[in-house]
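As structure tokens, here come the structures.
Shared between the two complexes below is chain A, which pairs with chain B and chain C, respectively.
Up next, the complex of A and B:
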């Protein structure tokens, strides 16, 4: 990580750039786009699936997936809202992803909430209604079971996922710089 | 998997089943009433036919493959979650295949089994060292990084079944609103 990192290129025209700087792959599957909010300067890479169609049972417009700024949804990752029974009826619940969140390739995310500056490694499975607080690292190949709560400034790994280590207090600046750097480097060839 | 190789699809589906357009269906497939097939799923009947029983849920990224000459019978109310890969010989009722669980060929699954996230299930070796078709008893749970087995005592079974019924009912209502459905003639 630094000023001299090589740029990550993609073929021109394979990504759609929005006014707010989001880069969305044309090969990503986005269902129910009206229920998805992208904060700006976020990247959605090819093959990823976002399920905005699985909305709450209450009628009217409601947000299903909200993603903050400088986020990355890696290749072939799947983001779908979790569902459960509430007062005898089945309903899906919205998934909130804050700013500076990196989700690497081949992840399955059914979390309820992902905090600021969270990094999720490759091949992770995040179960239903998992809450990940700010500035956590989920190591590659981790399986977090249903309803796990990951506290802030911690590193989790394993199957089932367990607390492994903690992070230094300066981590917020590191992560924000890393996400901004990644966005700058990700451009058309 | 975008290329359409293999035999021409011969799909028979019940009028109350919901099959999304963006799916990969190959071979001889029978889909019974109330089944919900999400987009981006693969059902590949490369060998014999696949028969899917009533009210199954097949989520995105799931893969059901039959390479054997015999037909693969899937019972009622099974849930195939995101990214699971199933090559079993037969499947009973009320089973749950959690995200990215793998079941290899040579296993007969009975009822109420759970395959936890990220587990791999292969038939156990017999004394002679050869693998043969293993019958996985009802209420078996596969869990953890070593894919260990234990038996579920049936706690909360009624609640779980209630959840599954309500889940599929809600999916049948919501999926046609946002997805293009496959028209089976």
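Up next, the complex of A and C:
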């Protein structure tokens, strides 16, 4: 698969490569880096914003954003932990992103959980505390309202997002191959 | 650009009708959506597999609903999942803030359903709840609405049930009572009437079976043919009567409409899924429980097989059984489009349509021969760009081997039916025979690459030399070496290529027009579009692959006793067809 895909290049030095193979753009805004975990071989593209500083009001270290392996945070996408009033005080909750998750450009993500093998198209808005289970596709330009639950093997689209279709049984392999392929093609010029 | 695989459904595998027949489209599907039955050794698609519901679940609360409850729950979530009447997103249960001592507010009853998308609140329809759980149950207690609809439905069901129960008992009944109600008899009756009217056979399965039945019935007794006596159903409430009573309500509705404008009307989408008798105003539409979703078990449709192809696990996304075609058939991709620009010596001025097929063949051969000599220049083009009539394009087609053994490919075009319309193009496959290396783990490929680099560094080594040698021959005589040379390989030598997994690195780079990398082989395709044609350009390819049979025990049983001596090396052939759509001619 992907026999004819051309490589995606970036200017050398614009991305930092970590020991575990993560590629993070120097032009990405990462706040509260100590509260962010990257699983390895994940790409954070330029212009994206990761708000690791929005943590629970309880003092001490805790993970705010955790991202798995072979993930992509597209250009100008924003990952922001969801927050709400709980017992009179406003608190943020952590955001968990599993392996093989592709978030394309210009998305705003405030989900609580994104499962394995999820692809989020361009210009999507994922509302607060949305739960996306393993293996799902969110079509481009979708708006998922607060607290939406996206079940496994489904395709969502529209504004507000609705369940549109289901995925074929082979989707897990397709998505994993796609994510690995994308990582391999994303290289310095 | 799309590549679809053909499924012959329950027939023996055969080439699909050419793309010029619109009816052939139903047999082509993307590879991801196809299944493979090992027992039948055939491709299966979603249109032909037998589906059974494995489990029901609510897509909102993800609760697995026991199938016993589904009917009583009317296929909808019986817990607290409701969809918004205006925007259809799920409603969330929100507690209301009540001021407590000390100035702070405290969340507590009553609870309301609020849509986070459009801020619709169940207060608008007067729904408020004491507890935040089991909303559907609470609602059932406090709400007697829809009873009218329910009673009407029940009486209609009772009325039809007598008919259904009679027809289902029909197959078990002896042949003498064949006059029992069998819905298909309507159709056979119709076809018989049509046959009489037309004085010829009307092709239909039902007609055929009906005729057969009749011959059997002849020696027995005269078959009674008659229409089913389904008495007329009388509704409990006539819409006329209700409609007359509703005159005043309608006036009210119109008044409201004057105030609210068209925005006060419920959208068609919102009204569509509701009962037949509902209000047209947006304000009156009530939230509905969220419909359940299912996980499906899929079986092979062959009556003698019925093997499971897909069995989902109710707990996770894993499949207990997953027989998908992607694990058996090579994945086909098309890419690297190039347009051929002839150099000044050769001019294609005469129109191709006037040429006889011989001329075309001669020309093709000529082109193949001259290819090495750089008579043509090729220009890279974008894949999605529109095609131009009268031009020749070359593509690369890539096949990925999903098996852990090397395979041998034969790439041809399927035979066209006699009456098929003449195609808009000529398709040439310069390299119809080639091999694809076995699939390996990713790290194994890396090691191989390293090995090769090492070999290259030595330089004067034998491998380096032989590789160079093959490169030269393929450059000078590419046409003959590939087109015919590979093709005339005796079967034995071809199989020896398969068997010798280690030797394939030698012919890895260029096995005469074949580009190999890992378990991917790429070959060229040439498409010569005729003059003055338009429309979609689609063609079918027949791909036959030879592979090493894995389970020798069963294969020898299958192949028969003649092959008993050959238990060591067993090769099998599988043929499939793909439909390639390469775009539009403008």
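What to note about this one:
Here, the second predicted complex is superposed on the first by the 188 of 189 C-alpha atoms of A that agree within 3 Å, B and C clash if a C-alpha of one lies under 4 Å from a C-alpha of the other, contacts with A are read in each partner's own complex, and residues count from 1 in each chain.
Throughout what follows, a contact is a pair of C-beta atoms (placed from the backbone, for glycine too) under 8 Å apart; a residue touches a chain by one contact, two chains touch by 3 or more.
On a predicted model such as this, the values are computed, not experimentally measured, just so you know.
Looking at the shared chain after the overlay, A:127 reaches both chain B and chain C. In the superposed model, A:145 lies in contact with both chain B and chain C.
In the superposition on chain A, A:41 contacts neither chain B nor chain C. Using the contact criterion defined above for the overlaid structures, shared-chain residue A:173 touches chain C, although it does not reach chain B.
Residue contacts after overlaying the shared chain place A:160 against chain B and chain C alike.
Applying the stated contact rule after C-alpha superposition, one finds that A:108 touches chain B and leaves chain C untouched. Of the two partner chains, neither chain B nor chain C is touched by A:69. Of the two partner chains placed by superposition, only chain B is touched by A:31; chain C is not. Contacts of A:83 after superposition on the shared chain: chain B is touched, whereas chain C is not.
Chain A uses residues 88, 127, 143, 145, 160 to touch chain B in one structure and chain C in the other. In the complex of the two chains, the chain A residues touching chain C come out as 1-4, 88, 116, 127, 133-135, 143, 145-149, 151-154, 160-163, 166, 168-174, 180. Interface residues of chain B facing chain A in the complex, by the touch rule stated above, are 22, 39-40, 59-61, 82-83, 99-100, 116-118, 144-145, 162-163, 166-167, 169-170, 174-175, 177-179. By the touch criterion stated above, chain C contacts chain A in their complex at residues 32-33, 57, 59-62, 87-90, 92, 104-105, 115-118, 293, 310, 316-317, 319, 322, 324, 326, 331, 333-336, 396, 398, 400, 442, 520, 522.
Remark: chain A residues 29, 31-32, 49, 51-55, 57, 78, 80, 83-85, 88-91, 108, 110, 125, 127, 141, 143, 145, 158-160 touch chain B in the complex.
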